[in-house]
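The same chain A turns up in both complexes below, where it pairs with chain B and then with chain C.
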Partner chain A sequence: MKPENPILTMLSLAAGLLFLAPVLYSVWMSFQTADAFYAGRVSFTLDNYERAITQFSFARYLINSLIVSGLVTVLGITVATLAAFAFARFRFPGGDLMFGATVATLMIPSHISLIPNYLTLAKAGLLDTYAGLILPAISNGFAAFFLRQYIRGIPKALDEAAYMDGATHLQVLWRIIVPLSKPAISSMALYIFITEWNNYIWPLVAVGKQDLYTLQIGLARLYRINPGEGLIDWPLVMAASTITILPVLVGFLAVERHLVRGITMGAVK
Partner chain B sequence: MLRKLTPYFFVAPLMIFIAVFTYVPILTSLNLSLRQWNFLTPDMPFVGLRNYEELFASADFWNSLWVTTLFAVFSVPLRLGAALAIASWLVRETLPARLLRGALFLPSVTSTVSIAVVFSWVFSTDYGMVNAVLATLGLGRPQWLQDPHLALWVLILVNTWKQIGYDIVIYIAGLQAIPQELYDAAAVDGGRRFHVFRRVTMPLVMPTTYFLLVISVIEAFQVFTIVNVMTRGGPAGATDMLVNLLYEIGFELFDIGRGSALAVILFVLLVALAILKSRIIGRKVHYEA
Partner chain C sequence: MSGIALRNIRKAYPGGPTVLHDVSMEFHPGEFIVIVGPSGCGKSTLLRLIAGLERADAGEIEIAGIRANDLAPQDRDIAMIFQNYALYPHMSVRENIAFGLELRGMPKAERNRRAEEVARMLQLEPYLERKPGALSGGQRQRVAMGRAMARNTSTFLMDEPLSNLDNALRVAMRTEIKDLHRQLGATIVYVTHDQTEALSLADRVAVMKDGHLQQFDRPEVIYDRPANRFVAGFLGVPPINFVAADKLPGWQGMQGLTAGLRPDILTVHAQAPKGPSLPVRLVMSEMTGSDLLLHCDSPAGRLTAIAPRRDLQGGTESLWISYDLDRALFFDNQNGERVELTR
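After this line comes the complex of A and B, so read on.
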């Protein structure tokens, strides 16, 4: 990285802050009392967070979101990695067709399956359950495609050496392919987690019980419950919004480079 | 024998999930779109193309298609134009460029519901950030989200704000792929900056532009969350985009037949666009060779 004019650095920082001003201000607002906010005074309170967490069940929603996104990520990555390994390393009848069908899912808009998936899960008695939230999100054609491309880049000689030593396919996958695919797997895991964390339309139709709301549904309901505009408790809503944003934001800042690399690899290549 | 089956064991879980939740639903939708059903009645009579006819005869459908088209026509060039301009400045590997890139990318991984809620406040008539500034300047207090002439523009702006970081990242990757020699040659020829941009940069990022163009049009046709949270399709249908209409018909009116017909129409539209996209990616490979 080249050293740069400090004035330019300051200006860029200011431009970035201005761009993010709505969100930054919403975080600031979440620490204001409602009275002070509407009177235009400055205050400080943690009361909004306390109310969001206790009175409005946001602790519960947070746990639900973590469970759902966590399981979708673990199961989605497992399923995608298994398939990617087969697509990358085996030639078998129907293999190309199945790989084609996997890639083609990228072109299929999810809304075509909204009503049918609702009916499938209703028939299975899985509406209003964690399983109902998780199952339709597990298959991820993009992750399978991406990992297959990555695994093809790993020298086959490594697999062959292991097979010579008597390793099984699963051992080769687990001991050789997975460790060497770590960057690709972690960026896909993050991608799946963020996508699922922010998923809105599916939990909206699949869940009616408040106990199973994810953060997205809880936040939308909290905001929508307020009847007229003048009556919205904005500082409370912003505390809930901050709770909804924060976990992903922290994760993103920790691994920004991985994620950006994953996204551009997928899009440009 | 078992050896030959090995790869099938590995792909089976993915194939089962894709079949159950992606491919079979396409057929289910097609089937349901030819029937009349409301979730409750025991039988679902076959009604032929009546659901499609009803949709094509309804003002709601055409309004929705029009609103969605408007959204795409205005938001896509705005996103891409601004993204290319910003990307060509931020492509440099310097500290300020990296900071700004991070800030611009952040909204694209942030919860859309949160963004919709925050911007509902930003554009709220009485307490919003925008009207606070306008009022200070003596420019009045427009009712952004309650005014049929303004609400769609607010949604376009919010969507642009959320997505532009992604476009910028993709453009930067495209710009970095342009060989430095071309710029050196242009510099030797004494090309001015704007000229170089138009004659060297623009044509060479064209494949990236095509790619972003098609995915952002596809995205525009799938916008739902900001509509559902910020306007519910209102005021007076002014922001009633296609997926929102699908949600209303299917899950508020429980008209499964008509909802499925709309889903099928949307599907055909988007798959046509997606095929266009894969053609374009094919051309890009050709372009680089």
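After this line comes the complex of A and C, so read on.
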């Protein structure tokens, strides 16, 4: 390792703080009373968290977000892994066309599918349900593409050795490909989870019942609730924001090592 | 034990040339078969067809008397050792060896016992809990063999299993594989491009070139009576010398033949010998231990001969080479086939 350069270290620290500053400021703000905040005083309280959870149903929204993002992640990564395995390892009629179509979905802005998805789910009677929130998100072209590229890097001889050992296609996938693709799968799972966690438009369109609101919808609605005199209760909003950020942060820390490996895969042999 | 029959096997890859042309062979139960040939001759493809990893475009594959063309690899009850070993990197040596048994539903205690038994045979016991990444090339090769052996199958396919090892290890492993064959009594189909492996291991050798089977016989027959010029040239170290027969002094036979003179039928002389011989100029000599490998230019062309080192102490460049025409091989110049001369 190169000896540390103090100037570079200082610059890195400054850059890190610059990125962190808004987050730290919002967390700090979330522990202030609204009166003290607007009066420019400092007064520590946990009241904003208590109000967000009890008065404004953020516990419910948190559970909804965990259910929706969790299931979208599990189902999405399962579908993407199965598709990636098929695209990477099998030649079948129309396979190239299907892969091309999967890649082409990456070029379509997601908002274009908003109305068709809404109409389809309305016809199926799935609006205002968890299924309505989850189903449209489980097919993820980018994850399928990314995992296919990763699986293609795994020597095919390993699959063949497993087939010779007596494995079926699904056993090869589950016992050989999936364990060896852990970095890529973890990266994609986190990517899908964060994307779904931050999803705002679709839950806004697909759900009207407050019981099914996700954190993002709940957060957006907090802006409209005035503590009086038309002022936004920023400390309350920041407490809700912190509740929203926390699970993603924990998730990121859990798979960070895999994530970095997944993203830099193939950089060196 | 199961024999294997291949009948008129043809295989071409999509958009590529035909890699196997009507190849037919029959392997008896318990035989050690070596398929040998240069790169691209179709030997590995043939092995993959037997394994079920590729499908033949035409022809019949029969394993233990049953048509196997449409059987999946897992239904053929064949074990295979791959050139790069293909060990599962995320599993320990024990798990690698026992994986096939697990897939066949063997209880954990029993498969562990079997893995340990195999590991003992292959001297892998100290490494059972290690991952393949922490093993040397030779140890990985043994694990690959152990994985195949654990399953107690009667047919083993080996795709150049020693090609990634250094020379000393290769020689040692060759002996072990031969020993193993004796112990297991299984049918082994072994692919290599190394002719020493072919001749030393096989009960019968199949020599292939450009997807065609050139000759399939016992190693002694392949060496002593090669079917054609290619087989004669491919097997034998140092390689056989080819010269026009009519340029050899003493030759009184038919025209249009090429003589194949293996270095062991040539004798090097410092003085002109009595019988038929060629005057040669020494171009290069290589020390191989007690012998010298001599590359010489003669009026008939370049010749390679072996001579004991002590016989050539003088350092002269002008030598004579005599030959035993009764032991020479002759090939038709037109089609390269060996010609049996009656003398």
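By our rule, the second predicted complex is superposed on the first by the 232 of 269 C-alpha atoms of A that agree within 3 Å, B and C clash if a C-alpha of one lies under 4 Å from a C-alpha of the other, contacts with A are read in each partner's own complex, and residues count from 1 in each chain.
Heads up, the rule we're going with is that a residue touches a chain if its C-beta (ideal position, glycine included) is under 8 Å from a C-beta of that chain, and two chains touch if they have at least 3 such contacts.
All figures in this text were calculated on a predicted structure; none of them were measured in a lab.
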Problem - Which of chain B and chain C A:Leu158 touches, first, second, both or neither - result: second
Exercise for the section: Report for A:Ile115: first if it touches chain B alone, second if chain C alone, otherwise both or neither. Expected result: first
Handout entry: Which superposed partner A:Phe193 touches (first chain B, second chain C, both, neither)
Key = neither
Practice task
Applying the touch criterion given at the start, work out whether A:Leu215 contacts chain B, chain C, both or neither, answering first, second, both or neither.
Solution key: first
Practice task
In the overlay, answer first, second, both or neither for which of chain B and chain C A:Phe58 touches.
Solution key: neither
Exercise for the section: Scan A:Tyr150 for contacts with chain B and chain C and give back first, second, both or neither. Expected result: neither
Handout entry: Superposition-derived comparison: chain B or chain C, residues of chain A touched
Key = B
Exercise for the section: Quick one: which bits of chain A touch chain B in the complex? Just the residue numbers, please. Expected result: 1-4, 8-9, 11-13, 15-17, 19-23, 25-26, 29, 37-38, 78-80, 82-83, 85-87, 90, 92, 95, 98, 101-102, 105-120, 135-136, 138-139, 141, 144, 169, 194, 197-198, 200-201, 204-205, 215-216, 219-220, 223-224, 229-230, 232, 234, 237-238, 241, 244-245, 248-249, 252, 256, 259-260, 263-264, 267-268
Exercise for the section: In the complex, go through chain B and note every residue touching chain A. Expected result: 4, 6-8, 10-11, 13-15, 17-18, 20-26, 28-29, 32, 92-100, 102-107, 109-122, 124-127, 129, 161, 166, 169-170, 172-174, 177, 208, 211, 215, 218, 221-222, 224-225, 228-229, 243, 246-247, 250-251, 256, 259-260, 263-264, 266-267, 270-271, 274-275, 277-278
Handout entry: Residue numbers on chain C that touch chain A, as the complex places them
Key = 51-53, 72-74, 78-80, 82, 84, 86-90, 99-100, 103-104, 147, 151
Practice task
Could you please specify the touching residues of chain A with respect to chain C in the complex?
Solution key: 155, 157-158, 160-168, 171, 175-176, 179-180
